[in-house]
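Once you scroll down, you'll see the structures, which are given as structure tokens.
The same chain A turns up in both complexes below, where it pairs with chain B and then with chain C.
After this line comes the complex of A and B, so read on.
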């Protein structure tokens, strides 16, 4: 296959530019086409990715590699983008004439994520990450008339740039102690060294801190709630699902292929971060009165659960990371899709807007409840299977206390997830119905079916994740 | 004789000054400038390491060029965002941007 294996990346670049150009060329009335072009294009690229399954190649002496691991994350990012394009629908009217640029930036952010997941070199990783992050700076500030959106954009810019700089400094220290930026070469050089240099330790810590910012782990989580609340809801959904999964993908690849735990024991560091994140995220979520902000804190807690798998540092845990990242796409975007539709209709994402939703839109209320139960980890929803993998991985590597914290905090999380359901089913209802466009209906059904099927029959996804993980060893 | 250590110490000092600036400055543009200092600190490290440890491969210099390009893009977007928020708040003081809290 050779360079044809890079077709999805190239096609995505072309698609982004074409959508951008179409927006400039077409007259105002014709701009609706750009959305369709973006959606059909993304679907086509997803098909290409499926068609490439089983092929592997390394490019430019290990700088960029396509393997089962990259395939897994390509599928994840492209399907997330596709579902978000479908569910955004009417919300985009808020962007008035700037819709085609929105699609284009979302596509470039997706490209950045894909590059992060497949890069085998710190330079490529950095450039991919910045492509994703800079697109997100613009996307979070996309509601020009809304002061909160502008504020979210600026806050994300400052904290995101700070975190990139911290990470870059860490990368420079790793380069200083190993003399290379290619993961495989870094691994070989470091393995040959007898003594671990303090410089390298500092580099690893700064690198993990930079990633922790992107993943929103406590104590690097302060940006997340504000930005999730202020940014346009479809962007928030993508930020919560995509950028998090991309950072996890890159972190997992670096930690396993360049800095294996056998030499530098980072598992305890990650385990402590995970514990603090799970506890803080869940406890603060209890006090929230705005659904977007609630989902922000819940997604901080979810990142903590995923980190448990990384801290476990065995096949079971890593498999859990990939498995959870994938089911998180369906469950979390499902919840955000309902929030988007309600916000489009009522103009608010406070709890009051969701009051009595079950009478106004029974399907939306049901999907929201199922997605939230999945996030809380109640069987037979997907979240249960994911948490099962993550926590059993932690127990296998001796982090029993971490699994306990995860279990107890999952129980706590049921309270605030069900609180939203209680409001939707028992709360007072205004008589306005919530319109659901056809495409959004499809997106909601995909999320619902995905959440249920992964939960009831986790075998195929679990195998897919396992094949992807094998590549790293 | 000036060696690698001097450059690394210079880079670390610059990085520290940058972090101090980000945390203490209240003006959004000054914060962006401090972030640039941090990026340049990393650049000094890259180029110095390239020169002293691996002069045969230009990885470090290459990285520095990539960082400069990305930093330029970041600043372009950053200034645009600051302009856009200035229209709402008529201020670039970070203390004024408090529509969302806790």
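After this line comes the complex of A and C, so read on.
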């Protein structure tokens, strides 16, 4: 297939530019078309990706590679973007005439994520990551009237630039000790020499710190709650799902294909980070009174669970990482979609706005509950299967204590997830109903069906993840 | 051997100059002084490039950063500034944060320099390339074409973002 394998990247770039241009050309009333164009285009690119399944190629001497692993994450990012486009719907009225630019920035952020997941070289990876992050700086500040949103954008910009600097320093140290930025070459060089060099270890630590910021692992999580709360809710959903999955995808590829020789240097580090993240995220989430902030802390904890699979560093754990990242798309975006709809109607995402939601909009309350149960890891929802893979990977690698912490903290998390459900079902209700546009209805159904089907019948996704992970070995 | 020593001396001098001007940029209370110190930092980085034998990169650094970007920054300061320039960089004055920051900075510097000091880095004999610009171009359009194109998209994104954020909410 040759360079045609890069078609999704190219099409995504073209789509982003077309949407941007349409927003400029079309008169004010015709601008609604741009949303439809973005959605149909993303769907088309998703079809192209499915059509490319099974084809593999390496480009530019290992600098970029399309394999089953890239396919997996392309599907993940594109479907996440598609569901968010569909569920955003009426919320976008808050952006007044800047809607087409919003779609285009979201598409470019997706492009950055796809480049991160497929690049086999630290420089290309870094540029992809900056493309994603800079799009998110702007998207977080997109509610220009809202001081919180502006604060979120500015905070993310400053802290993001700092974390980029840390990561670049790490990259330069890895380059210094191996003489290359291409993963395959780094791997070969490190095989041949002693890997206990302090400078290499320092490089790996700084690199992991850079990624930990993007994933919002404790102690690099300080930015997350403020930005998740301040940013427009659909952007928060994408930030929580897409940007995290992209950072995990890139980190996993680096650790497995470039740095397995330094294996003993990073697994313990990741295990400790995972434990601290799970504990802190869950405990702070207990005290939250705002649904967006609650989801922010819960997503910090979720990132900790995924990191357990990375720390396990066996096929089972890695498979769990991919599996969980995919089901997280459905469960988390489902929860955020309900939050978006409620916020569009009531203008607030505090607990009070969700009170008695079951009487006003029974379907929304049910979907929120199911998604949150999935995030808590209750069977038969998808989250249970995902946590099963992650924790059994950890146990196989001898991290029994880590799996134990994960299990206990999952139980703790049930409390705050169900607290929201309690409020929705037995809280006092106002009489206002919550309007659900048709597209948002489709998005909600997709999230619901995805969460349930992956939980009841995890086999296909598990196989997909296994095929994807085998490529790296 | 003496060539080596002179090279090292030049490096230490240039690096010290760059670090000092960077510090001046961060610590200055007047934002205009910060901008001027930033230009000196850019020039220092350019000198580092020259010292490494990367003449083209050094020139680009001077042209783009020390030239164009610093002029832009100063213009932006001129257009935006309303108050007295003497107190435009805000500082956190509490001693605790200063001490904590200094402690973390010292710790990082110390551990990283120790890590570098105790490592044996593989020495790659510096290859002198005849046509450095041509080689750079080949890398941009060859192996690194995806990063190159992604950087182009990134610039588009930042232009769009800058316009959106600068226009503000009022006109919309």
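Methods note: the second predicted complex is superposed on the first by the 468 of 473 C-alpha atoms of A that agree within 3 Å, B and C clash if a C-alpha of one lies under 4 Å from a C-alpha of the other, contacts with A are read in each partner's own complex, and residues count from 1 in each chain.
Note that a contact is a pair of C-beta atoms (placed from the backbone, for glycine too) under 8 Å apart; a residue touches a chain by one contact, two chains touch by 3 or more.
What you are looking at is a predicted structure, and each value in this text was computed from that prediction instead of being measured.
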item: Partner chain(s) touched by A:63 [first = chain B, second = chain C, both, neither]; value: second
item: Touching partner for A:1 - first (chain B), second (chain C), both, neither; value: neither
item: First (chain B), second (chain C), both or neither touched by A:96; value: second
item: Chain B versus chain C as contact partner of A:130, first or second or both or neither; value: both
item: Which of chain B and chain C A:138 touches, first, second, both or neither; value: both
item: Partner chain(s) touched by A:176 [first = chain B, second = chain C, both, neither]; value: both
item: First, second, both or neither for A:14, with chain B first and chain C second; value: neither
item: Which of chain B and chain C A:148 touches, first, second, both or neither; value: first
item: Touched partner set for A:226, first chain B, second chain C, both or neither; value: first
item: Chain B or chain C, by number of chain A residues touched; value: C
item: Chain A residues contacted in one complex by chain B, in the other by chain C; value: 123, 126-127, 130, 134, 137-138, 141, 144, 153, 173, 176, 179
item: Contacting residues of chain A [partner chain B, same complex]; value: 122-123, 126-127, 130, 134, 137-138, 141, 144, 147-148, 150-155, 157-158, 161-162, 164-166, 168-169, 171-173, 175-176, 179-181, 225-226, 229-230
item: Chain A residues within the chain C interface of the complex; value: 6, 9, 13, 16-17, 20, 59-61, 63-64, 96-98, 101, 104-105, 108, 111-112, 115, 119, 121, 123-124, 126-128, 130-131, 134-135, 137-138, 141-142, 144-145, 153, 173, 176-179, 189, 193, 197-202
item: Contact footprint of chain A on chain C as seen in their complex; value: 111-112, 114-116, 118-122, 124, 142-147, 149-151, 153-154, 156-158, 160-161, 164-165, 168-169, 172
item: Chain B residues within the chain A interface of the complex; value: 8, 11, 15, 18-19, 22, 28, 31-32, 35, 38-39, 41-42, 45-46, 49, 53-54, 57, 59-60, 62-63, 66-67, 70, 73-74, 77-78, 80-82, 84-85, 87-89, 94, 97, 99-102
